[in-house]
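By letter and in written order, the chains are A, B, C, D, E, F, G and H; residue numbering begins at 1 in each of them.
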Amino acid sequence: MRYDDIGFAKIDTDRARRTGRAEVIFGLGKTAEQVAEILARLAEREALVIATKVTPEQAAAARSALTEGLRAGVTYYEVPRMLVWRRDFGLLDSRDSAGVLSRVAVVCGGTADIPVAEEAALTAELYGCAVSRHFDVGVAGIHRLLDCAEEIRAADVVVAVAGMEGALASVVGGLVAVPVIAVPTSVGYGSSMGGLAALLAMLNSCSLGVSVVNIDNGFGAGYLASLIAK
Amino acid sequence: MRYDDIGFAKIDTDRARRTGRAEVIFGLGKTAEQVAEILARLAEREALVIATKVTPEQAAAARSALTEGLRAGVTYYEVPRMLVWRRDFGLLDSRDSAGVLSRVAVVCGGTADIPVAEEAALTAELYGCAVSRHFDVGVAGIHRLLDCAEEIRAADVVVAVAGMEGALASVVGGLVAVPVIAVPTSVGYGSSMGGLAALLAMLNSCSLGVSVVNIDNGFGAGYLASLIAK
Amino acid sequence: MRYDDIGFAKIDTDRARRTGRAEVIFGLGKTAEQVAEILARLAEREALVIATKVTPEQAAAARSALTEGLRAGVTYYEVPRMLVWRRDFGLLDSRDSAGVLSRVAVVCGGTADIPVAEEAALTAELYGCAVSRHFDVGVAGIHRLLDCAEEIRAADVVVAVAGMEGALASVVGGLVAVPVIAVPTSVGYGSSMGGLAALLAMLNSCSLGVSVVNIDNGFGAGYLASLIAK
Amino acid sequence: MRYDDIGFAKIDTDRARRTGRAEVIFGLGKTAEQVAEILARLAEREALVIATKVTPEQAAAARSALTEGLRAGVTYYEVPRMLVWRRDFGLLDSRDSAGVLSRVAVVCGGTADIPVAEEAALTAELYGCAVSRHFDVGVAGIHRLLDCAEEIRAADVVVAVAGMEGALASVVGGLVAVPVIAVPTSVGYGSSMGGLAALLAMLNSCSLGVSVVNIDNGFGAGYLASLIAK
Amino acid sequence: MRYDDIGFAKIDTDRARRTGRAEVIFGLGKTAEQVAEILARLAEREALVIATKVTPEQAAAARSALTEGLRAGVTYYEVPRMLVWRRDFGLLDSRDSAGVLSRVAVVCGGTADIPVAEEAALTAELYGCAVSRHFDVGVAGIHRLLDCAEEIRAADVVVAVAGMEGALASVVGGLVAVPVIAVPTSVGYGSSMGGLAALLAMLNSCSLGVSVVNIDNGFGAGYLASLIAK
Amino acid sequence: MRYDDIGFAKIDTDRARRTGRAEVIFGLGKTAEQVAEILARLAEREALVIATKVTPEQAAAARSALTEGLRAGVTYYEVPRMLVWRRDFGLLDSRDSAGVLSRVAVVCGGTADIPVAEEAALTAELYGCAVSRHFDVGVAGIHRLLDCAEEIRAADVVVAVAGMEGALASVVGGLVAVPVIAVPTSVGYGSSMGGLAALLAMLNSCSLGVSVVNIDNGFGAGYLASLIAK
Amino acid sequence: MRYDDIGFAKIDTDRARRTGRAEVIFGLGKTAEQVAEILARLAEREALVIATKVTPEQAAAARSALTEGLRAGVTYYEVPRMLVWRRDFGLLDSRDSAGVLSRVAVVCGGTADIPVAEEAALTAELYGCAVSRHFDVGVAGIHRLLDCAEEIRAADVVVAVAGMEGALASVVGGLVAVPVIAVPTSVGYGSSMGGLAALLAMLNSCSLGVSVVNIDNGFGAGYLASLIAK
Amino acid sequence: MRYDDIGFAKIDTDRARRTGRAEVIFGLGKTAEQVAEILARLAEREALVIATKVTPEQAAAARSALTEGLRAGVTYYEVPRMLVWRRDFGLLDSRDSAGVLSRVAVVCGGTADIPVAEEAALTAELYGCAVSRHFDVGVAGIHRLLDCAEEIRAADVVVAVAGMEGALASVVGGLVAVPVIAVPTSVGYGSSMGGLAALLAMLNSCSLGVSVVNIDNGFGAGYLASLIAK
């Protein structure tokens, strides 16, 4: 399965069926027509198609370009900028063999990180996880993070989203005993260098159990979280 | 739990007991005496103590500095350069509720990546996982990797270790439907910049389900793999 | 012969005649008038003039600025964003002494890499090569790449175009026994750093026979491929 | 006053007398003879001379090269690697007008950061501050840091020393209402890039009241802390 | 207290009351509505709310979005691009125990650095300091800087703002015996790399007593100056 | 004398008179009003005022904002994007004691480098030098450069302007026995990184007698050339 | 075929036979025993085994560790630091169908670049090419390079080796009409950054037909040259 | 003339005679035998041969390797680490037509910069200039620099040598009306990044008339100074 690649349809369909996974379209730099066309093609054989980094304008135009039938299954989520098509509005099933729903906690510090955090959270939900959101718990006000530590600890996997200095990943990593997926964001200015400072900080986390995905890659983190939580 | 920090003993012991996890000592830049002293202190309350990046010379000197009782429980693994102490030589238990042993596949391409790959593999084993090693399957000879694709797919989580251009993570990520932990290594020269080229490549992987740990951090990958596989 | 330099006319004409090579205009940051003017000047003495990185708007305006005679010989290729002028629509002759047409394979992974890949492919065709295109064969779906491995192996030289982590070059390099020209693209986000991650990965390729041109330099790769294939 | 510059003697003596400040010698890359010679020259007119980053070997050799009279006033501190000469063993006076001794808290996370932290702490003491040390309070075990939060809050200024991801500065900055001087250390490996990752993280701290000095510059932080605390 | 974080209200209010500090909103990348909403919420419990990096357009729109009551307390400062709300137009009290107003000197070299310098100066004033501005004293005309050296020396803390090569911090650091907060600005072109050259220069300052905040972070410097000057 | 700083007027006027030098305004990021205002102020006491990096729109607006008297003395040069005001249209006098006019050669390779090259050339002329321009002599067509080698050698100082790989500086440095001022330009794409590749290449020139100014700094090079040629 | 990987034996042998290519061992960071062991294993099925970056000490020790039979076929080349084993001392055959030996020209500028240049030259010879060496033709003395331009033009492919500013690749690229493989070397100091400056310059070459391999990768260039020349 | 290149002898001799210039050998990474051999070869046709960055051990060994006749003409300068051979101990003549000796001022700040500063100074002297040294005038003690401003102003060209933040170049550039050659040094630690911070600062100097050579390139600066001063 690859970001935005239609060509894999033939070989991946089998695996996709086996794994119950969906396809993703990376919206950045695509025209609304391209988004609509790829979505339509994927919808022929998938139960769930997700397009990320889609602006409201792209979303509106892409909807117009779809057939009425497809349009009915499409929802646009403004905060995480995701355009989602679901067949019969059904979600993928992510309960494990014992019937317990997988739990993912998504944590972020500043309001500016929320779009990426919500992208991760919605993605995990679309892949069938129960998601708890903790979006105002930055390390500069550590008590607030501690106040919800028990709730975070209850998750099977934690996604920690942070820009600027990215310290959240290390602190969260020290609080929980489950895998932590760190997502650096491009929030910041000056020497934050478009998220590179946060990325480096997260890679050098002194907490064990932390791994990192690319800058602003909320979808990747949410998807990986659902894989792990399963 | 933090790399090489004794001070956490008091607060972490409880959690460590709960989680059945062990302590780790980062050997790089430590004297053999420091390694021995920290090991001795941790051994008082842990069932498993691991020191990573320990040279044969450090290992020999550290053993000499231990009491006879501790020395008996210590093994030095030369390829991954790990010094391990186990109480009663018992391993941690990692079978899940259904009694199935967690399976981790560790994959690397070149012989020069083996020390880091073996560090990940041995760590996962010490934390109770069944590990399958695939150490000669670089992307330049793709058929060899494909020959063991089924075996790799049987794992609950895959660790992909690669230096130079780090392409292995993307290819493996495309072959499996489970989480892939990518470990860039500092193997290479010139513009590999001590592993930075591989690190960047892995962060930009076009395959979903891939996350990355720091350069040469085999221990971190092995530990995270055991967390995920559990 | 140099990117976009008219001044070389006098000394290069001789060599151009000898080598049957053409001139190239780098369109980025040029006004349509500048493109038209340089094209007109080069057309006086060349059989083939190529302008790269030309937007549809630049192309339309540049055509308007040409004399009717020149305009007739001009074609604009939208996907690779190339504006091409041919005297008598004839192509350069690239068959080798034995009368066999040189064969170039152009390979890329994602749809976003296609403009650069097509720039390489069309360039090689304009210089007289037979080109086979393989544009949906990323490493995340390795079987698809392997499915066309035989076709790729039939080429005299391969151009591998990839953004993000650039792993395609290494995998292709391992599949063929002919020279591989790797073209990193600026496709990606976050730590892809405008193609730098792919560039570094390709330079550190573990496969032999791989060399690299600048980011997004499809023309350079196509030209070099025709030189090698000759 | 400048790192290691003898020439300023003439103009700086006056200011030094006014401000009661001392001179510093940067030991890295100097011969023991150079250290001893500069120390001897500065001792003629100062009450306190500090040499930083001095190895035990340099220290022993430098002592031998001093006259017996000077040697008596010299102490070598092994952990912070500082060689200190004091006239009559008196410290500088740093009590403010109200007679209260200035209080500096020095905080660090890992044992590997202790040499730099101790350099800051000892420097602040030599300049007349009361220093409280908190050397085992990394962000991966946040409760331990919180346990001593009240003690840290009692200081007039806090020095936060951390390598790897440098998150400590942000967390401490959120806990106190006084200035925080962040000191990145070169502790770490791989993408820590000799302390650059920690430096960038600290510069991008989301906590207010935090400023940063150069990597491993414990002396500069301790000196600045004494300036602020005064 | 954290840049632009409303969530901290509950835990920070107490501390804010104790410390008499205010809240800050980082305007960059926010809509006027978001600025107005956060400002309104903070104004319920604070005496002073500051929004930084607010364009004139954002400011006008944000004012319109406020209730009339709040609007009355709002002032927009065009040069430092700050939107400030004060309850009863009262300033915070920053006189020390002996009744002396804290003095902050803000120094910058070029006219292009003035917005950042004025951001620092106004911030320090809003937090109750007496500020002296020296805005045309670059190191290329050293005598002018020396002409106001006595005035600068009279301050309790100095903020040195400079882009390009950032040399001002070192020169000022050598002139005064009080803490110097260096603010690199993104003024410059070519190899100034958005302020990184000035940042690095300031971190490597040969003068003692200098620490550094992030590029263009005038607010942070002004706030820290008021903390230190207190 | 400093880029765009009016404040220096008082102390620099004397030196300016002594040296017969003029003032410069850096136009990038300034409003037309600011350019006009600074120009008007400088024109009160200078014989020559230069504004660089001025767009045609800025130039037109700045002219409108000037008094009629000043407007008469203003010329806008479109290629180098310079706005110049001269009292009585007189040039500075740069003949040396023997009455020989100083000669500066300005060399560049590609048409895209011409704006920066012309900025250097016009600046040197405005400061009284005789300038020979060689604007189509890139290293990819070495014979053309050699054809004018004698002419270049006749200069007292050479300015070599080049983007992309910046090789021109080394080749020219090997051809002449006079100082060479290298000016990297931001011309290029991909890994040219805004001129950084050319800058590094020029700093590492294997030819002696070469020094470097900032990226695109044609004015600085022209000014320095006139200083050296004098 | 991959740098230093034994595991590929099974699948690569067939291709190796078909292509008549050999195996390579990357000596850097290997013990003499490892070099000897890999060499012995490869010698069982190859006609030619090459180890690169082998120090004289490694070479001597590796020879001692070989059986007498293998030792007889081994030659150590001190300048390029290559250890070569040939069965029956025969070279690979590289004449094309018309019976003409492939010609490779290897060009470098400074004496310090010779080891890398000779590594390329010897490699091409071992793979059956006729190699002409031009090792003292740097761009700072352009006439010397021009003196041998005809000889260089006679080659089927040119390898241009250069450290420092790497300008040689562009100049050579402008002189010839055949493919140029540029090899940056780590020769230089300061801002050459271990060859990165030369690498970037070569990637940004204004000459067409130039591609680049990794820093100091003489073997890769020689191998690719033989592939192209064939 | 090129760093360390013997091959240029034939073509450069003529120019060298015309220009009265000498040859230079870059000692770093050369064996004493190589230094001696190149020196001997150059001495056959030059009046002055300079080897830079020569350690005392290299120098002693190189002298031993020379014939007695050559050895007599050789002097080793320990501070600048230069080995110099002069025929008849005569210096090059650098007085201009009016019989006035060219004057070069070499300025540096810290004692650690002296080796590079002295390399520049001695080089300028060897090429016939009168040199005034100002080696203890860093910007942290600005008055000391101002005290010798008149002396510095008397020079025809100034070389400003500085590590750490490199601010000296800007301050000196503002004090004089002649060309300033800035030499960054690798003195510093942490974020000085081997001189890169100083290099960037100098390139971004706000003073006009400043150009920059490579890190630690004292010889290049001294040579260029003599070219300019002539």
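One rule holds for everything that comes next: a contact is a pair of C-beta atoms (placed from the backbone, for glycine too) under 8 Å apart; a residue touches a chain by one contact, two chains touch by 3 or more.
Please read all numbers here as calculations on a predicted model, not as lab measurements.
Participant: Given the touch definition stated above, what is the smallest step count connecting chain A to chain G?
Facilitator: Contact-graph shortest path, chain A to chain G, evaluates to 2.
Participant: Which is the least count of steps on a path of touching chains running from chain C to chain F?
Facilitator: So the least number of steps between the two chains is 1.
Participant: If you average the Cα atoms per chain, which one ends up farthest from chain H?
Facilitator: Greatest centre separation from chain H goes to chain A.
Participant: Hey, which chain ends up farthest from chain E, C-alpha centres compared?
Facilitator: Of all the other chains, the one whose centre lies farthest from chain E is G.
Participant: For the two copies chain B and chain G, what rotation in degrees overlays their C-alpha atoms? Round to the nearest 5.
Facilitator: 90
Participant: In whole angstrom, what separates the CA-based centres of chain A and chain H?
Facilitator: So the centroids are 58 Å from each other.
Participant: Compute the distance, rounded to whole Å, between the mean C-alpha positions of chain B and chain E.
Facilitator: 46
Participant: From the C-alpha centre of chain B to that of chain D, how far is it in Å?
Facilitator: The answer is 36 Å.
Participant: Going by the contact rule already set, what residues in chain A reach two or more other chains?
Facilitator: In chain A, 1-3, 5, 109-110, 138, 140-141, 174, 190-192, 196, 199, 203-204, 206-208, 214 touch at least two other chains.
Participant: Okay, what are all the chain pairs that touch?
Facilitator: Result of the pairwise touch check is A-B, A-C, A-D, A-E, B-C, B-D, B-G, C-F, C-G, D-E, D-H, E-F, E-H, F-G, F-H, G-H.
Participant: Touching residues of chain D toward chain E in the complex: what are they?
Facilitator: 1-3, 15, 18-19, 21, 24, 97-98, 174, 177-179, 181, 199, 203-204, 206-214, 220-221, 223-224, 227-228
Participant: Show which residues of chain D lie in contact with chain A when the two form their complex.
Facilitator: Counting only chain D, the residues touching chain A are 109-110, 138-142, 146, 164-167, 169-171, 173-175, 188, 190-193, 196-198, 200-208.
Participant: Can you check the complex and tell me which residues of chain H touch chain D?
Facilitator: Going through chain H, the ones touching chain D are 109-112, 135-138, 140-141, 143-144, 189-192.
Participant: Please name which positions on chain H make contact with chain G in the complex.
Facilitator: It is residues 1-8, 10-12, 26, 28-29, 184, 186, 194-196, 199, 214-217 of chain H that touch chain G.
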